[in-house]
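Down below are the structures I want you to see.
You will see two complexes here that share chain A, one where it goes with chain B and one where it goes with chain C.
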Partner chain A sequence: MSPDSLGTLDGFLRLVRDDLGLVTDLAGPEAAGCDLTDLPGWDSVNLLRLVTLLEQESGRAMPVGRILEARTLGEIYALVEDLR
Partner chain B sequence: MTTPKPTTGLDRLRGLQARGLLEKDHPTVAALLADEALTDTDLLRAGRLLAGLDHDAVLTHHPGTPVVTVAVTGQSTVGRVLDPLRAELARHGLLLRATVGEHGTYVRDLAQPQGSYDLTLCVLDAETVFSEVPVPWRAADAERATTEVLRRLAALAGGFAGLLVLNTVPLLRRYTHQLVDHASRAELGIVWREFNAGLLRLAAAHPAVVVIDLDPLIAEGGPAADPRMAAYAKEQLAAPLLAAYAREVGHLARSLCGRTRKALVLDLDNTLWDGILGEDGPEGIAAAGTLRGEAYGGFQKVVKQLGSQGVLLAVSSKNDEGPVLEVLRGHPDMALRERDFVSVEAGWRPKDGALARIARRLGIGADSLVFADDSPAEREQVRLGLPEVAVVPLDDEPALHVTRLLRDGWFDTLTLTREDRARTGQYRGEGERRALRERAGSHEDFLRELRVGVELGPPRAHEYARLAQLTQRTNQFNLTGLRLRQHELAAVPLLLAARSTDRFGDNGLVGAVAGRYADDGLHLDNLWLSCRVLARGIEQACLSALLAHARERGLPAVYAGFRPTRANARARDFYPSLGFAETGHGGTEGEAVIFRHDLGVIPAIPGHVRIDATQLGSGKDGG
Partner chain C sequence: MNAPGSSILGPPLGEPVEVAPEGTTWDRVRKDLTSYGTALIYARLQNLQPKLPKGDDLRKLLGRDWSRYLDLAHPDVRNRYAASRVLLKYAAGAVLRGDPDGLELAYVPTGRPYLRGCDQIDISLSHTEDLILVGLTTRGLIGVDAERTDRQMYGSGLGRHVCTPYELVTLAALPEEQRNASLVRLWTLKEAYSKAIGQGMQFRFTEFGFGPDGKPVRVQRPDGTTGSGDEWAFRTFVLDSGYCVSAAVYDAGFGTVLDTDITTMLDQDCVEAINTALDAEPG
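Presenting the complex of A and B:
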């Protein structure tokens, strides 16, 4: 994963797909707007994995509480964007 | 211009997944995960990827793949242990079938019947205690809570059916430093260490309990907890610690499946000593006296320590044999000597062949070998030529040799027996037996001169640990693949131990019989015989004695079952060779073949075997 993989929504979604092993045909805004629990293969541990992953990729501390409250990937991406 | 990154094992795993070949090519997964280039994070990714594995399809393609069933429970959120656990088991060729309890439900989970799980992981953390401590609190409150948790766990362990895995609990600064005076803090420290010691003692008191000590894992590099994950997700142990814990559980699962490695094969130059013998000469190499030499010497001592616990040590070195033996016999720096090794392969041929010869000579499979070498080229050659061998990557930093060697607990086992400690001596006796075999004209002559003695009878009190271990380590002559743990042995209605001796010494407890008496005759549920003593007539002698005993008692028949496993194909004809007739496949047990002996003609005990004593039990009442 390149250092700027979080720079775009597509990069973010690719990270989610590849590293969380989520099998989804959805792309772009459609995937971003989808309720997390409706994503195929989603489970409650995925949010924790995602936080760890985002911190590794960005080298920055994530707002864990807010991410855990997010309902969609789009909301999480917005939180990541705010840190940049 | 960018050079393309080399393809890693993870890339190839993803490739398999993309092409839908993960299940069909499953036996290659372990080798892909053995890629030295994989990072800890890559291993997690692999574990995530393997979550999508279709177990039924794997088992259809490869029916022998061992499945380890695991229940995970705990006070806190522990679901994150599954990815690393899945990857660790896959590294050992095992499939993980897991269920995870909700956080906070461990008492309820453990109190339910556990029968169907190989392992139950009850992950303990500081919150397990502090959820029961009032606010404000003093050290005495923590002591009351730890006592209660220990009492509860001991009660649960008492009636436990499977193997219960507990862990020691890290003491976190966020608790110690809530107490502002040093005296109270010390008091809490004592309470906590006594709690952890109490947990470790549970394993001694209950054979169904194993306690994984987290202290050494945390000492390798914390932190033990991420306060944010603890606060928001109730995840009380940090993910990297859970991953390190999963690695330990992987070692445990491997030993339960009979995959504990038995021999360590070592390179010499820059592995056991500093320098290259062929170039620097014996005076130019060092394992003491210099900074780097001391590091190699330290490594030798750790290897010797493993050897003292039954790990067979061998050498595979690209060197002329003469100078190597001179160093092992006389060089002042060596902590390891020729007598510490059961086999020394020094020469110029490829190392995969040398390892295969060592395995053959020891009568074990290549999948029982661990190979440590500082040369990437040699490691790669062995990996390609003999993929079953576990390869330990060393490099030019000898101070890290010990860490690297011990990283994977390749030789971890539930209990260590007297036989283990004497094993190197027994295999050295093997060298004398081999010399006799070469001298003797025929195999029959060899056996006659070997003067084999066998004693068959109920196990003695001190033999249960060794018996359990025998069932777990024996693969080639394990006629149904059955493995029993020590506390399960008591439930076997007819349990017999076979001990053997020959002119070169005592082989100790080498075989076991599990059976039962029923109205239609004696049922032999399984036989085990150590591969060290196979093909010496011991197995035939024991069976003949059992058949004769059954006839004397007037039993109508003796029944026996054989179920093929990945390693026991050569024992398929054992029962027929002694006059058993195949009566078909056993109903629900799928592939098991059932044999029956009508006790008409009892095969004679092989002439060269002396049965010293037999005590075969007098029926349902034992005796």
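Presenting the complex of A and C:
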């Protein structure tokens, strides 16, 4: 992870791609708006792995309940932004 | 992992049966359903995919799921979606002795699938990597889940979001080489249970737990005390292919049903409403 992976949407998406190991050819707003269920390899284990990564990166506890309700990566990023 | 029959709690449950769309294994599935009230079925995507219907036949089989199928942009996601729904419909068609095309899958708001109009049979679906798993029961409720036993979960910080305090202590006391597979087992049990009760992950996994392998399995409270009775059965199986498969079955007291023909399993209120409407038609 870079020192501030969560500073930008691209950094957040890089974290999803590189640290979770999800293969996606999407980038930027297109990836952020993609339904989570349409991401190859996305599942509930990866959702909690992402929560863990975000907590490690931000040093804060993540609102797991609200993240579970998110339908897209963009919605998750918006929640992370709210905590910054 | 607990072998079939090793847990004496709740209704009995047979081992998962590997099936192909056209094959004789459906007899075993029907037998399991009449003997145990529950059947577990699985297929490998690589084996199932070449046999899937295509074009208009797939559209007919998917029914209302067709539009969702078309919305999925990525081919892998789309193919797995189709394969899982096709297997579920073949399974339901086999045990109900009905035409899979004529069965309609519907979903509750939490995403839990059900067979519209056939509320005496409950269904559950799981897919991971190239495994598709289906559970069917006439006993009450069912939830199923599968993961690879070697999927890395322990030691990555996930435990804090998955386990109760009691489970964390229990896992840490295990020999190191057993911890990951044990956490995968706990995960699949929790997923199966939360699917059965229709909650998904909204029911925080840290709020309920399961005991260690090798003993009768019950739901536990976060401190490890027992939280469920004999009405629930939990089983975990490890397939030769390396998948850990768990099932949670709630016995509502209906017992086993010897006749699972679709004409028997239709919702009686629904049938009566249709008959009344037909009788009221002029001429």
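What we mean here is this: the second predicted complex is superposed on the first by the 84 of 84 C-alpha atoms of A that agree within 3 Å, B and C clash if a C-alpha of one lies under 4 Å from a C-alpha of the other, contacts with A are read in each partner's own complex, and residues count from 1 in each chain.
Here is the rule we go by: a contact is a pair of C-beta atoms (placed from the backbone, for glycine too) under 8 Å apart; a residue touches a chain by one contact, two chains touch by 3 or more.
Since the structure is predicted, the reported quantities are computational estimates derived from the model, not experimental observations.
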{"item": "Partner chain(s) touched by A:38 [first = chain B, second = chain C, both, neither]", "value": "second"}
{"item": "Touched partner set for A:81, first chain B, second chain C, both or neither", "value": "neither"}
{"item": "First, second, both or neither for A:65, with chain B first and chain C second", "value": "both"}
{"item": "Which superposed partner A:10 touches (first chain B, second chain C, both, neither)", "value": "neither"}
{"item": "Contacts of A:19 with chain B and chain C, given as first, second, both or neither", "value": "first"}
{"item": "Set of chain A residues, in rising order, touched by both chain B and chain C", "value": "43-45, 47-49, 51-52, 56, 64-65, 68"}
{"item": "Chain B residues within the chain A interface of the complex", "value": "41, 45, 48-49, 51-52, 77, 79-80, 82-83, 228-229, 231-233, 235, 239"}
{"item": "Chain C partner contacts - residues on chain A that touch it in the complex", "value": "34, 37-40, 43-45, 47-49, 51-52, 55-56, 64-65, 68"}
{"item": "Touching residues (chain side chain A, partner chain B) in the complex", "value": "18-21, 23, 41, 43-45, 47-49, 51-52, 56, 64-65, 68"}
{"item": "Contact set on chain C toward chain A in their complex", "value": "71-74, 76-77, 128, 147, 151, 153, 156-158, 160-162, 187, 191, 200-202, 204"}
